[in-house]
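Heads up, there are several structures right after this.
In the two complexes that follow, chain A is the common piece, with chain B as its partner first and chain C second.
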Partner chain A sequence: MIEILTVARPAPTVFDGTANTVAVVVLLLEFGMLRASLFGAQVRLYAAQSVAVSVLAGVVAVGRGVPELFILAALSLLLKAVIVPLVMMGQLRDSRAEIAGSGSLGVASEVIISILVAAFGFFAVGALGIHSEVLPAAALSLSMAVVLVSFVLMILRRDVISQAIGFFSLENGVSMASLVIAAGLPLILEVAFLFDLLVAVVVFGVLIRVQSDRTKSFSTVALDRLRG
Partner chain B sequence: MLTLPLPVIQALQVATVVFASPGITGVISQVEARMQGRRGPRILQPYYDLAKLFRKESLAPLHSGPFFLLAPVLAFACYLTVPMLIPVLTTYALPLGNMGDILGGGIILAFASFMVATAAAETGDPYAQLGASRAKTFGAITEPVVLLVVFTVALVTSTDLPYVLAATVTSGPDQLVRPAHLLASAALFMVILYETGRIPIETHTGTIELGMIEEARPFEHSGPYYALLKWGSSAKQLIFYTLFLNVFAAPWGLASTRELGDVLFAIVALIAKAIVVGIVVSVIDNTFAKLRLFRITEFVSAAFLLAVLAIFTLYLGGG
Partner chain C sequence: MSAVLICVFFLPFAMTLLSLVLPRRVTEMATIVVGVVTFVLAVTLMPSVTHGVVTAPFLRVDALSEIFLLATAFLYPVTAIYTIGYFARERSVIARDGADAIPQFRRYSRLFYVGFNAFAWSMICAPIVNGLALLWIAIEITTVVSALLVAIDRTEGATEAAWKYVLIASCGLGIGLLATIILYYAGSTVLGESYDLGLASMLRSAGELPAVPVQLAFGLAVIGYGTKVGLFPVHTWLPDAHSEAPTPISALLSGALLATSFYAILRYYQIAVGALGPAFPQNTLLIFGVLSLLLAALYLFAQRNIKRMLAYSSVEHMGILAIGVSFGAPIAFAGVLLHVLAHAAAKGTAFMGAGTMVHKFGTKEMSGMRGAIRALPFSGPIFLVAIFTLGALPPFGMFRSEFQIVSGGVASGHGVVGAVLLVLLSTAFLGLMIATTRVLFEPGTGAMLPASEPSYWMVVPTLIGVVALLVLGVHPPDTLVDLLTRGAAELTGASS
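Entry: the complex of A and B
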């Protein structure tokens, strides 16, 4: 019988592994937005991503004993996973325009570009050597990747829905980063950020509405035709 | 209790895969039919089909060379070799188990697929050639995903022996929840959907030649040769399921001793686990639509993304 050597690369602890997995899910949902072809699907992806961020806050609250994060998790779940999607859907209910194929590149090339950009974010932040007491440093790198991929989403997709959702999901990436760096941030500040987002959602919703009423489409390609 | 000699266990690994695989195919088509509200074929139908085909005469197209008839036999021999390399029944490596790593198994599987494609190219039948050329084209873009999955395994275990990864996965919950492991398993599962010709890549039971990849290749074979190709594709499916289950997702229920009872239990456990994967695959089959041919790259790029992220998180120390 041949003996097996188990020289494994040291695994992170169960808590770190879980937190990193949730952070990876947030990033994967961001990638999913690159290919979403219906505006409902785009909003649902955003809602799912917000749920994942709230779950991460919950994981930190349980694992590290920071009870005020429960309040933050509940608030962000309510606001970002329920109210924002409802507001978006409500404002655009009667619009029949599609966002399929609004990418300026093929989906596979967009994914490859995003992988490169995400890799840059990963290793740039990893090289800073920031250590956090509550979350593993990989989660910070992952949130940087979320922010950068949301930039790619806003740049490459030429429809207002994806660009607005890209902006909102950028906020998801930032709030994930704030969980790593400043989990003990005073609750009032975090809540203030959340309500800032709500204002942004309403403003964006109105702008999207005006745009789709004028051009009968969500595409931003037609925007330069409005001049004069 | 009876203690089995190691070569017998090794032979049992091969026998389990070869003789259980048509049954797994039968269960999947039965489950799929039930979900669509049909009664479906009997679970044992694939065995009857094979028995019938082995009794039929076989024809070869005019001008096809000897390789046309040799390829199904050689491909089947490849599928018999791979179960010796991967943990089918045991947690410990069997005497021939260390003669190849995961890459070795992958090369043998790719060789089998190459021979089937070459035989298809020799027929002159446009559909068989279409299938062969598509299989090779998309094979070339799924290959990097497989390589990255192997690299992930290598980074996690510092070897690329499948037995070691299985032992690592069972060693504790921290190995299970690590993102690298989950991402690599998910990427491998997507590759398996591709390799076994399931939705969203192709319809398994359809007769629409223009969408076919795997199914089109044996169009010109008949009789025992066709039976070997069909049997081989079932065996390949169970080999991939075994690789996914016993190395990545659920390496539990394997025999850790040489006792007869343990080995028998391992056989039953493997078949049960493979049926569970088969049910998941048929749910996917019934939930999603087939992708258009040129969108298969999107599917593969998603699998590639998962595998790349697995490596990234490992390098950052978080995987």
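Entry: the complex of A and C
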């Protein structure tokens, strides 16, 4: 019986299912960031999302037999799920400021807007007819939804932590897209991208630090002096 | 020539590391020397790239890259000279405040020079690296380094500007990365699953790439890299960052960084024209260009801060570049490339002149600056010349470049756009001239100040800029003309 099932449901379907599930998890974690009220929670959500993206890289490595992606998965796990969160937490260890209530809309409205935006991204990319040998095209649509929701996060949350995490998660969305359509990208370039991200994280950390030292809060509401 | 190229790559990087350890005085002079040597090396590459491509591992320079390399390599030593004068005032403040401030200033100047050299290095890397992925990495490095430099003064305005800049520009580059990956996908259908996005192979195979992904990648690249170029409507970080950064950094941001990002768009343009034909890429650039120019021309009238005014003038000139490319005529391409060089010299000079006025009057607000032509016997007239240049008055380089762009537009049947371009350019010039005339000639605060320059280190680089503009306008060297012609041919697709 089991043998029949295995024959009737060949491996790629299981692979597709796993890949799509992980991609959906990445998107759901992005939604979670819309309502996080402590900066620690925001950073942990990002770490969890990075784990999911790294797992996806691992899934592709196993399912498609691309050994280079194992290295990428390991590096991405180390950097994005461990080092980046540690750098962020380290920069802000002694800060007592909160990020609760920094949304310019209520959480419910933010989620509804995000669902609309995510649906737009999902179907718009689906309609382009971009096919990949490596992953089901739905994963590409999902990664576009992640990118768009990260923009919603950056636009609607008025605190530096959510905006920074929004940018990092945008990068997670792009990483996911690159797994679907650019899995063959040479490892050296992938590593360079990751290194670049690390530099960006340090700079974001420094600027957040400067900002919070100056205003004793993470809010960006007061950043309205320069205009016109 | 490969050795020269490798030196161009490594010298500013080595200087970045050296500025971590060398004493300040030595760093100041060494930065100028490295800047001059880098510029000379970049110039020696010119004859080779007019006949072919110079390559080294991971590096590749053709005529198009060379022009953008020259723009940065010119501003690097020039702004380094200016920095000495810029810091002279800081030192006088310290002398007044006493010895407590000395270690603080040492730390500040060390940070500044490390950042300054790293910034110049990353902008020199962008046009000479081989491949769209490496190009993205170089431009991302320019962003993070320059964001720290914008914040270095730690004032309220600087912190705000740096945050907006790093967030908006990083998001733009996130979109740019998406463009890179989608183009990689397009290329993988022709070049195989694993390749390195090298420019030569991408340009060669552009004609066989699938249309939809290239279209998507080009659109995303224009928005993504356009954020760093300062194209409407993603220009919003630009006036803030340019006005709050220390003046030498403002000059580099405006003269070199914007152009470097425009170089990225040009590379996508080349590939998109090969894959899709000229209509889609040219129309996209035309829309962004006209809107940027329109916005800048109108905003120039409303500016009160002198550095913000020059920042909007940069938006204007980036709009001109985009429109020039959209004309698609070889003479317009040559004009665009000359405009990149002329804008680097003119805007660098204008920002440095404005910085000197800010020093002299102690404010960035133009309402506090009056009678500057009397108070600053050299910088005042030079600033006036720089503004004339930005308005494309003859005999300076920008007159020649804009003349070529407009005649290219008329020749290629874009007469209406050419006319709109001229109207908007004149509007922008009017805005600039009104403000400049009031600052320089209206009697006021300047009459109470002694007629003297804060430092001649701040005058020399602006003079160099004016001389460069005269050379570009009156009689550009033959090698440069050949280079521009070759660059235009590369953009037309004739040389590939």
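Quick note on the criterion: the second predicted complex is superposed on the first by the 212 of 228 C-alpha atoms of A that agree within 3 Å, B and C clash if a C-alpha of one lies under 4 Å from a C-alpha of the other, contacts with A are read in each partner's own complex, and residues count from 1 in each chain.
Everything that follows uses one rule, which is that a contact is a pair of C-beta atoms (placed from the backbone, for glycine too) under 8 Å apart; a residue touches a chain by one contact, two chains touch by 3 or more.
The model shown is predicted, which means the values in this text are computed figures rather than measured ones.
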item	value
Chain B versus chain C as contact partner of A:Ala127, first or second or both or neither	neither
Touching partner for A:Ile112 - first (chain B), second (chain C), both, neither	first
First, second, both or neither for A:Val14, with chain B first and chain C second	first
Touched partner set for A:Arg35, first chain B, second chain C, both or neither	first
Which of chain B and chain C A:Leu27 touches, first, second, both or neither	first
Partner chain in contact with A:Ala138 - chain B first, chain C second, else both or neither	first
Contact residues common to both interfaces of chain A (with chain B and with chain C)	none
Chain B contact footprint on chain A (complex, rising order)	1-2, 4-9, 11-14, 16-18, 20-21, 23-24, 27-28, 31, 35, 106-108, 111-112, 115, 118-119, 122-123, 126, 136-139, 141-142
Contact footprint of chain A on chain C as seen in their complex	133-134, 137, 140-141, 143-144, 147-148, 151, 154, 156-157, 159-164, 166-167, 170-171, 174, 177-178, 181-182, 184-185, 188, 192-197, 212-213, 216, 239-240, 243-244, 299, 302-303, 308
Contacting residues of chain A [partner chain C, same complex]	128-130, 132-133, 147, 151, 154, 160, 163-164, 167, 170-171, 174, 177-178, 181-186, 189, 192-193, 196, 199-200, 203-204, 206-207, 210-211, 214, 220, 223, 225-226, 228
Chain A-touching residues of chain B, taken from the complex the two chains share	6, 92-93, 95, 97-98, 155-159, 161, 163-164, 167-168, 171-179, 182-183, 295, 297-298, 300-302, 304-306, 308-309, 312-319
